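Here is the structure we will look at, set down as structure tokens.
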Amino acid sequence: MALPFEKPIEDLEAKIREMQAYADEQQVDLAEEISLLEQRLERLKRETFAHLTRWQRVLVARASGRPTALDHVAAFVDDFVELHGDRALGDDPALVAGLGRVDGAGVVVLAQQKGRDTKENIHRNFGMAHPSGYRKAMRMMEMADKFGLAVVALIDTPGAYPGIAAEEQGQAWVIAESIRRMSRLRVPAVAVVVGEGGSGGALAIGVANRVLILENAVYSVISPESCAAIRWRDAAEAPRAAEALKLTSADLLEQGVVDEVVAEPLGGAHKDPAAAVAATAAAVRAALASLRGLGEQEIVRARAERFRHMGRVLVDSA
Amino acid sequence: MALPFEKPIEDLEAKIREMQAYADEQQVDLAEEISLLEQRLERLKRETFAHLTRWQRVLVARASGRPTALDHVAAFVDDFVELHGDRALGDDPALVAGLGRVDGAGVVVLAQQKGRDTKENIHRNFGMAHPSGYRKAMRMMEMADKFGLAVVALIDTPGAYPGIAAEEQGQAWVIAESIRRMSRLRVPAVAVVVGEGGSGGALAIGVANRVLILENAVYSVISPESCAAIRWRDAAEAPRAAEALKLTSADLLEQGVVDEVVAEPLGGAHKDPAAAVAATAAAVRAALASLRGLGEQEIVRARAERFRHMGRVLVDSA
Amino acid sequence: MALERWFRRQRPTRGDDDATPAGLWVKCSACHAQLYRKDLVAHLYVCKECGHHERMPVAARIAMLADEGSFEPWSGAVRPVDALGFVDVEPYAERLAAVQHKAGRPDAIVTGAARIEGERVALAVMDFQFLGGSMGSVVGEEIARAAERAGEEERALVMVAASGGARMQEGALSLMQMAKTTVALEHLASRRLPYVSVLTDPTTGGVTASFATLGDVIFAEPDALICFAGPRVIQQTIKQDLPAGFQRAEFLLRKGMIDDVVPRGELKRRLATVIGLLRAGGAAAPGALPAGA
Amino acid sequence: MALERWFRRQRPTRGDDDATPAGLWVKCSACHAQLYRKDLVAHLYVCKECGHHERMPVAARIAMLADEGSFEPWSGAVRPVDALGFVDVEPYAERLAAVQHKAGRPDAIVTGAARIEGERVALAVMDFQFLGGSMGSVVGEEIARAAERAGEEERALVMVAASGGARMQEGALSLMQMAKTTVALEHLASRRLPYVSVLTDPTTGGVTASFATLGDVIFAEPDALICFAGPRVIQQTIKQDLPAGFQRAEFLLRKGMIDDVVPRGELKRRLATVIGLLRAGGAAAPGALPAGA
């Protein structure tokens, strides 16, 4: 269950528990020793997480026990009502959509949902949406636009599903349309990458006025494994690919791809889900509040500007 | 091939041809006799078609050899380019869509197409569209709206197809959406019922500023056969149902459902397709011309008003 | 006022008490359990044994959805006309008169103002027992008027649909009600007022293919038959058996056509919640929506 | 001007003459017929034996579409940066330099003003031979600039797409080009200027999932591979054989995804016709489109 680099931390945690149990059992006072160990644990965690390699961040972003999109939704959305269906192809459980309330104001919620266990993962197709998922998202964007509801999108997907039906139903087309539809929203949109931001399948609901990312989440044009398979012709080179892709929250902030990094509890969101979802909730609330009061045209213009200037190029003077 | 009530006409036509052949062969002058017979033929046709029962009109509307929607299109649309696909489910040959030019101005053409023979009829599903046909129509309406292209819709369908896939893909939903989409067009729309206007499947592309109908076309909420099966519990009562439904061009003009009846050549459009399509072409051109110069809001408002006042009710005074 | 008269006449002539078969006991149409009639009524016409949702009279539907004492009828002043002189085995005019007398209302719909858990709405309920809830000029007109008045009074619109489709006795004029109701709904859309549609058993034909499926949110009752073409028509066309559950609410949920299947007992709450949420927007400066938006 | 220099440099370094294997004869990649190279070039790189459409160099594509002498290059002044310091088996910077030298242009796209049978257009042609036509910041930027300039100059935009997808060596910045190109296309939409996309073999990944499929009209060349996920990826995922013709232009036409499959010899005519038709509107008083329309 533990990630490889978490072993020393877990060992130390086990040792503290053991010592505590011994103290309780034998009625001896080990408070000082335990306190010292806890300080050491704190230091160890801090150092470990300060120096995670990019590949290790990928593993944290995918860690089991990490809060899912709907876990975050539960923390900051009141009166959440899931709405189903794309009115064309079906209803996609990998992309959950609904209405809710944040700080009293109605919002449209879009959430790419992985499973919390194998059964849910299969139901959710591991968070990989089909075209009907993106069509549902677009339908909800229409609704948001019509009723002046802000859009909150939670991104957590390895990518749009690569399958026969998905291609037949125009996976590329719906992603392109969803990007366009979202870019036209006359209401504020906030996107949060809470786990994996996988390529076009993530960006389809990521064309927001503010794009946040959790500290240990990643956002990439391609998975490290696929990148390694193509560039090194060996998927096992994924750690090197992760380094090359510069896909961590800090990298993306530096690149201007995200606007803000939401700090996770020490040890990662999966170690303290409650604290993690609380931090996300506060950040989303603040982001929504910062966009309140803008006019429709300003909202559209600012979002377009944000994405228009993405990328780095050199321009020859004429 | 001939419709039952056409028998006397066809007999007389045969007699004239025979007499002409005899005259030619024998080098005798039968011009006077032939002229008399031709006058009689003209009278017979006129009387027959003046007194067609409603059921007989239904038979004319469905007659083989009657110009199809695309035959009409060929007569009044220049540079026609068919565009395919609904970007979601497929491409429906029962509803042909494309761009073209009428009197120099770009138009979007929507045409419910029956087959000219069995093979084409099967390909066209007898003019019965699936949801993808209506989705394609809506896509073209978007295009018309965006580029300021008038919409010309040619209606000729027994109805939207009643099948498993059609229901699964939301036949009712797409008809409703198509009605709404068309009602929102900011460009002029002209619809022409050229053969059968079958229920919601026809109305889906019939929410136009001007609705024309060919003299022997019909437009009905239900087919006479189905109506008879329900109300008389006997489909063979279709002629009585046709009477009751008041579905001819004259009836519909009286009811305010259509704005104008396009006269057909004597004997019906199937007897002189060239004249029929020419008459339609002239009527469509005139209808488009009458709508030119109206502003977007006026176009939307006038179309909405047109349909808002459909129906007959008594209102109690308060 | 005439419209109130029409509505009031409804109770004595046919209220809950006449809507189910006479007698103390009734049989569930799904599991055939014997149910004490008063229990069935008290349970919103849902079978306690199997959960089957029986069709429900209009008055009971209004009572179940509207906050107590909040319903004020709008419909009733508009009466049908036999515009075509339609005659089949019986003249339409005579049939109408008989049904009107039995139902105590002029046609197959009741509309009015109401509150649903405090939310101000216009409520429209179709009456399947009135000529199969078929849509003629009056149904179309009452829906159009309700949508327009809801717009003026800044109310959301809640539609409880139940219909066999268009009313063929009114010919093409009944067909045109599909467009009429649709254009009237623009009075809500242009003011950003929510329209929630509830599809009940059965909702078919021209009603499904117009206003009933144009809701911003569409709910359906469990196991409700919802379709464009009826199952019998399809079977005759394709000469095949239909898949299990075909055209039922749960099937349509899987096919992406409705927002949810909502059991009757939860319907009022759910309606109030989504209407409340859709009215809690104002995220961006509203401004009138342009035509076509 | 730098951009013209870039464009002019292209011909001597790699024009039609270097785009096909050296020698007088080439083999059709579909039917393996031996073709006289000059014939193949003269026939727009379409095999005379089987009709197979070979991939085509950028200069030949421009020559085939633009009216003689009408093409004026816009692109060329924007050059790529190795923003990530990306290194795999070879540093991205070095790979770029080599490809730029070979191609005689800074990146995988050429844009410019042109006329197509008289229609004033902006023409953008992607170069699959330049790092697989992958979209990094430069491709995104040139497309955005072309869309903006087309808007200002009231030109339609014609895009000839050919791409392996996003350029992974530019990381998330390459992904963002999908959104950048999309928002730039609004400069056309808001002015009601047509955007016609031509999908050629192959068009895949992030390019298919952004500007390439957002055309008002979408044409594809015969048998072109057009997809989001490549066939190999899908096969690895689902562990099944793929249906015949899967993800090819004709397949997508049946699936409703493109407007038509247009043989290369008819492409110029067809483009001119649809652009002419889309610009012949003015049916209603235009007025600026509102945001979101």
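Order of writing sets the labels: A, B, C and D. Residues in every chain begin at 1.
The rule we apply is simple: a contact is a pair of C-beta atoms (placed from the backbone, for glycine too) under 8 Å apart; a residue touches a chain by one contact, two chains touch by 3 or more.
Because the structure is predicted, anything quoted here is derived from the model rather than measured.
Visitor: Quick check for the class: compute each chain's Cα centroid; which one is farthest from the centroid of chain D?
Guide: C
Visitor: Going by the touch criterion at the top, tell me which pair is linked by more C-beta contacts: B-D or A-D.
Guide: Higher contact count goes to A-D.
Visitor: Could you grab the centroid distance between chain B and chain D? Build each centroid from C-alpha atoms only and quote it in angstrom.
Guide: 42
Visitor: Can you check how far apart chain A and chain B are, centre to centre, with Cα atoms defining each centre and the answer in Å?
Guide: 54
Visitor: Quick one: report the Å distance separating chain B from chain C, using the average Cα coordinate of each chain.
Guide: Going by mean C-alpha positions, chain B sits 33 Å from chain C.
Visitor: Give the residues of chain C touching no fewer than two other chains, as numbers and ranges.
Guide: Correct list: 255-257, 292-293.
Visitor: Hey, what residues on chain A touch two or more of the other chains?
Guide: Correct list: 87-89, 135, 169-170, 173, 177, 186, 296.
Visitor: Which bits of chain A are touching chain B when the two form their complex?
Guide: The touching residues are 87-89, 135, 169-170, 173, 177.
Visitor: Can you list the chain D residues touching chain A in their complex?
Guide: On the chain D side, the touching residues are 1-3, 76-81, 83-84, 86-89, 136-138, 140-141, 144, 166, 168-180, 182-186, 205-206, 208-214, 226-229, 233-234, 237-238, 240, 242-243, 246-247, 255-257, 291-292.
Visitor: State the interface residues of chain B toward chain D in the complex, per the touch definition above.
Guide: It comes out as residues 79, 81-91, 99-101, 104-107, 132, 135-136, 143-144, 146-150, 186-188, 292, 294-296, 299.
Visitor: In the complex of these two chains, what residues of chain C are touching chain A?
Guide: Of all residues in chain C, those touching chain A are 189, 192, 194, 216-217, 253-260, 270, 273-274, 276-287, 289, 293.
Visitor: Of all residues in chain B, which touch chain C in the complex?
Guide: Against chain C, chain B makes touches at 145, 160-164, 166-173, 175-177, 179-180, 183-186, 199-200, 203-204, 206-207, 219-222, 226-227, 230-232, 240-241, 244-247, 251-252, 255, 257, 296-297, 300, 303-304, 307-318.
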